[in-house]
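Pasting the structures here.
Okay, so chain A shows up in both of these, paired with chain B first and chain C after.
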Partner chain A sequence: MAKIIVACGSGVATSQTVASKINKLLSEKKIKSTVEAVDIKSLDKFIKGADVYVSIVRTNKSFQIPVINGIAFLTGMGQDKEFEKLVNAIKEADAHKAG
Partner chain B sequence: MQILREIVNYVLNLGAPVFVPLIMLVVGLIARMKFKDAFSAALTLGIAFTGMTLVINFMTGAISPAAQALSQRTGITLTAVDGGWPGMAAISWAWPYAFLLFPLQIAINIVMLIFNWTKTLNVDMWNVWSKIFTAVMVAYISNNLILGFVAAAIQIVLELKAGDIWGPRVEKLTGIPGVTVPHHITLLANILHPFEIIMNKTPFLSKKIDSDYLKDKIGIFGENEVMGAIIGLLLGFAAGYSITNSLTLAVKAAAALVLFPMISKLFSQALSPISEGVSEFMRNKFKDKEVYIGLDWPILAGRSELWVAVIITIPVLLIFSIILPGNAVLPFAGIINLSFVVAALLLTNANIIHMIIMGLITSPLFLYAATYFAPYITRLGRSVGTVSIPHGMMLSWSTFESPDMRFLMAQSANLNIWAILGLLGWFAMFYWLYKDIDRQNKEEAASELEPAEESDAS
Partner chain C sequence: MGLEERELIKHILTQTDPSLPEIENNLSTSREEVIHAIHSINTILPHESIDVVNGELSISDQCADELYGLLIGDEHVSASDRNVTLRKCLIETELMTHQSGSSLQTLSEQFYVSKNTMFADIKQLKEELKNLQLNVTYSRKKGYRIEGQEYLLRNQLVHITRNLLKTVYGKSCLTRLNFLNKEDVALLKGKLAVIEEKTQIRLTDEQVGELPYVLAVLMERIRNYPETWSFKVEKYDIRNTLEFPVIKDQLSDFPFLKETDILYFSLHILSSNRIESAMDFSNSEEIRSAVNQFVESLKQKLAVKFIKETNFKEKILLHIQPAIFRNILGFRVNNPLTGRFMNEHYDVFMTVADAAEPFEQIIGHALSDEEIAYLSMIVLGWLYQSEEERGSTYFKAIVLCPNGTSVSQLLLENLKDMFPQIEFVGAYSFRQFEGMDLALDFIFTTIPIKSQTTTIIVPPFLEPESRRQLRATVAKLLKKDSGKQAKSVVNAIRSLIPDDKISLVESALKSFFEDKKEPIAQNDSPGKMKFGEKNISFIDGVASWKDCVEVTFDPILRRGNCENDYVHACKKVFYEHYKNMLIGPNIYLPHTESMNPSEHADVQIAIFRRPVVNPEGVPFQIMVGLVPSRSNVHVPLLLRLNDFFLKSESIPKIIHAGSAKEVLDLFERRRGQ
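The block that comes next holds the complex of A and B.
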């Protein structure tokens, strides 16, 4: 099962709002995964155990795992496209784990 | 009428962990959520209250004896324990009138958009709590419920106007177009603005510093467990505890700071179906209009300047809490000072030295506001029903957001003539800030159209 993390300033409000929304969309599609809201101050620690990172900020850092634009889930603009990217990333992570 | 009053009293006496979920269930069903989902969200809210009560009691239980020992040993009396914003948000949701602030914010926003008085569509429903908090504080201090709502309404209008001027800044700082931060936390820019003008005329203050590098080096001190452990250990030593007891306090303090956001998350989890529904409704209503979508401040959290400035101001706040005469607050759960830094980031265009100076000069303001509001926060905390604050101790919030605006509003509601004049002056300063940032935005937009101009690629 893929693990998705969403980070915001304290891992409480914005990240949890996005995480809840993603959770709802994924369960509608019957895709199993865990979505967790985390504190961006401790991102380096959390990213180690994650398969996909949903970001609500723009950074110039590069990550080992796929990064999805979380702002789309807050504004609704481009949400379908980002969600499709997310679903693909989850499928890839699951396939990788199974294989 | 008598029966109705008795029913209302009965429900309120059930305590916040029961009656707020009941309200939530009713609101959810009115919003046509499925019963299963509405019930689950309501129950999660009750769990959040219960969990937050546990954590606040755990924190006060660990910190109060140390604060009292400190006072006996040194004469430094810090009787107010700092619950931070997660603690304040929790007790705010427990106010019996809390949910009325949702329709108030939505209605004001819709009216202002229809009449083109704002370009900001605020879909951030989480921060409705900050309007609840303002309403409670003003209502408690003035003994007038209506004035509490008036203050909250003024805050909503100011937030939307602030959203209008920050939109272009947010895009410049984050690269995300079409969004803004209509958060009252940014209104501190009002009193920082004159300082920024002076600092802009002081050349050596605009030196470029590699904040990414700095954040990599000192970022660990901003992590909850590390910060909690350090504060707990220092407090233990200052209180004259043995090494063993100091180390125990360090671990307890770290536990409290790690648990706070974990519990707080449950509130946003419970509220997310409602906030999602409202947000979708608002966006659909204005989908043909060009607006800035208003989001919570963490869209700016990718800027390393913000974290560097916050971490540097942690020891400053601790030192001020000891040396400031009359301060009663021991900084703890609220020590990550977001209350100045978001405004400072936007106002200075991420000039790190300016931001740090702003953190230094505003620290006393937050601590004094925290001291002033502590009795009212304690009253709200106790009225929630289950938060036990030891006798002689208080609950507060060391980095009390919008200290200037909330103090002036509360005192004005009390018909204090100086406060009313002060509030009018504060509005005049906001007008000045609005015009100035608007002019800067227009100049920047114009210079971007001229390709020969040098551009700041930060």
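The block that comes next holds the complex of A and C.
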């Protein structure tokens, strides 16, 4: 099962909301995954075990795993496209784990 | 002095250029409170004061010393001759690390004093160093120099470096005057970490902070005085220890270090205070026997029995091994609490000094007051321990301190005595704590740390006044926290409650205390977050980008669910990261983490009749202010708000709504769909 982490500055509101929303959207599509909201300070710790990173902060850092724009889930702008990217990344991660 | 002042001092002393905005930001407090705290500190500073000029804090070196004195609870730090003392330390370091042919003229220019003052300083220095068998010499060609046995010279250099590091300006002075190379410090930090890991010795946080600087200053001397030298350490054959090859291997990246230099570095690493060690000295039997004699002597002199005597002896052994080692080698230890300990516990100090004779026989001379004070702290800490069943403990706590040995041991036992309702897991260094995973109610710490657990800052040495303050702080915290209140009551009537009902009763009592405090506190308990007409406000006047956050939070402030500090913290975060703090298209969500237990989850939708314009020139009319709940009950409401705002017709309808009720109806209608 793929692990998704959502990070924002404090980890208390926006990331929690986006995490809940993603969870709901994935459940509707019957895609099993774990979604966790974290604060940006803990990102380095949590990203190690994650398959997809949903970002609500702007960063110049590059990551080894796919990064999804979390703001889209809050503003609705580009949400479908980002969700599709997320679903594909989860499928890839699941396939990689199964293989 | 209150906790806010202590925190502010600590912060000021660790910043290079403290300013009001920076302090507000880092301490999550308001400007008014910072200024109030500065005034309050100024009234207790003996001579100096903190000046605020155009928002910048101006702090003289003397002022920094006095602040440090306040922080460690030692007003005597600000003695009037301290400047001379500091200058002499710096002159000594200069003469020992550099070989630049310093004359009276160059030295007076370097330290910004007249030639007469410099001459007087050097004269004093000559006298002082003579007692240590070191000489200050002068020749036209070589200028002023400190000469003597290299071993004694290096010991003195280490001693003054450690003294400088105890002051707030120490590290900056060492760097600014080129007494060390910053890259060496960084490299040495890494090397020491590897040495710790490979040799299984665990240095205290203080030692980890100091050693890289001490060794880097020594490196500066070695670079400038590369002459071959030797010293005798037959009694403790360092080369044959398990640790020496590891240290040698790690220091091989510094090719200019000779075998003797590495040996000397090893002495300093091995004679440092340690929390844990797997190291065994070659003649540990002799030391063990001395420990036994020491404990027997204490038992006789104090007419006491030590509980868990074997553990006590192990604790003494762990401390005394490096202590004996550093004493044999002529290293002096710093203990800033010596004077205060001697005043408060003179009898214990004298008894320990008397009983320490077996150790002094091994060393060959008397132990210093500083060493005796350290030893006494361990003894006193152990004496405070009681074997009585502490059946009434119902809170769990830990003591954190950079030293992690004798100081924290004494503090731990004092705290156990003061708070019988708390079970203290132990005293640890910050680094040890990082690796632990404990469910705690309180953390007692000598240095501020950020933690989700209730953290209480305590001075390393508890005097009657600080004990009184601490009791009041803990009582206040217990009163504020409904969970802890419930726990206390359950414990008092535990025998009357069936075991399987304890958690139920505790949870019911928790809700009871929450209800008693503030009705809105329900937002912090698991369940639904309340949202009604009062959570919606219309702003008819013009609001600027600068003011919109304050305007939004105003009703929450008036409801008493957050304090000004929280709003200021939100503003700081929001104005920096507003592009990411959204809950709908063009709808901002200013918020931050709530650290104050007296804050309650709350939300406010501010509808600006006249658009506010953001720095990009984009107008917006809705802002949602949030005080988050610690149990995340705000998340379902935020999801619903997001869902509502994403409907294209919602936003214009809200903006043109005539009343809060109308907005609420729109919101409820969407929810019902």
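Everything that follows uses one rule, which is that the second predicted complex is superposed on the first by the 99 of 99 C-alpha atoms of A that agree within 3 Å, B and C clash if a C-alpha of one lies under 4 Å from a C-alpha of the other, contacts with A are read in each partner's own complex, and residues count from 1 in each chain.
Methods note: a residue touches a chain if its C-beta (ideal position, glycine included) is under 8 Å from a C-beta of that chain, and two chains touch if they have at least 3 such contacts.
This structure is a prediction, so every number in the text was calculated from the model and none was measured.
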Check: Should A:Leu74 be classified as contacting the first partner (chain B), the second (chain C), both, or neither?
Finding: both
Notebook entry, point to check: Where does A:Ser42 make contact in the superposed view: on chain B (first), on chain C (second), on both, or on neither?
Noted result: first
Next item on the list: Mind working out whether A:Ile56 is in touch with chain B, chain C, both or neither, as first, second, both or neither?
Entry: both
Next item on the list: Determine, for the superposed model, which of the two partners chain B and chain C contacts more residues of chain A.
Entry: B
Next item on the list: Would you tell me the residues on chain A in contact with chain B in one complex that are also in contact with chain C in the other?
Entry: 8-14, 16-17, 20-21, 24, 39, 56-58, 71, 74-77
Checklist line | Residues of chain A defined as touching chain B within the complex | finding: 8-17, 20-21, 24, 37, 39-42, 45, 55-59, 71, 74-77
Note to self: So in the complex, the part of chain A that touches chain C is made up of which residues?
What the structure shows: 8-14, 16-17, 20-21, 24, 39, 56-58, 71, 74-77
Check: Which of the residues in chain B end up touching chain A in this complex?
Finding: 86, 123, 126-127, 174-176, 178-179, 219, 222-224, 261, 264-265, 267-269, 272-273, 275-276, 279-280, 283, 293, 295-303, 307, 336, 338
Margin query: Taking the touch rule as given, give the residues of chain C at its contact with chain A in the complex, in rising order.
Written below: 573, 577, 579-586, 589, 591-594, 626, 628, 632, 634-636, 638-639, 642, 646
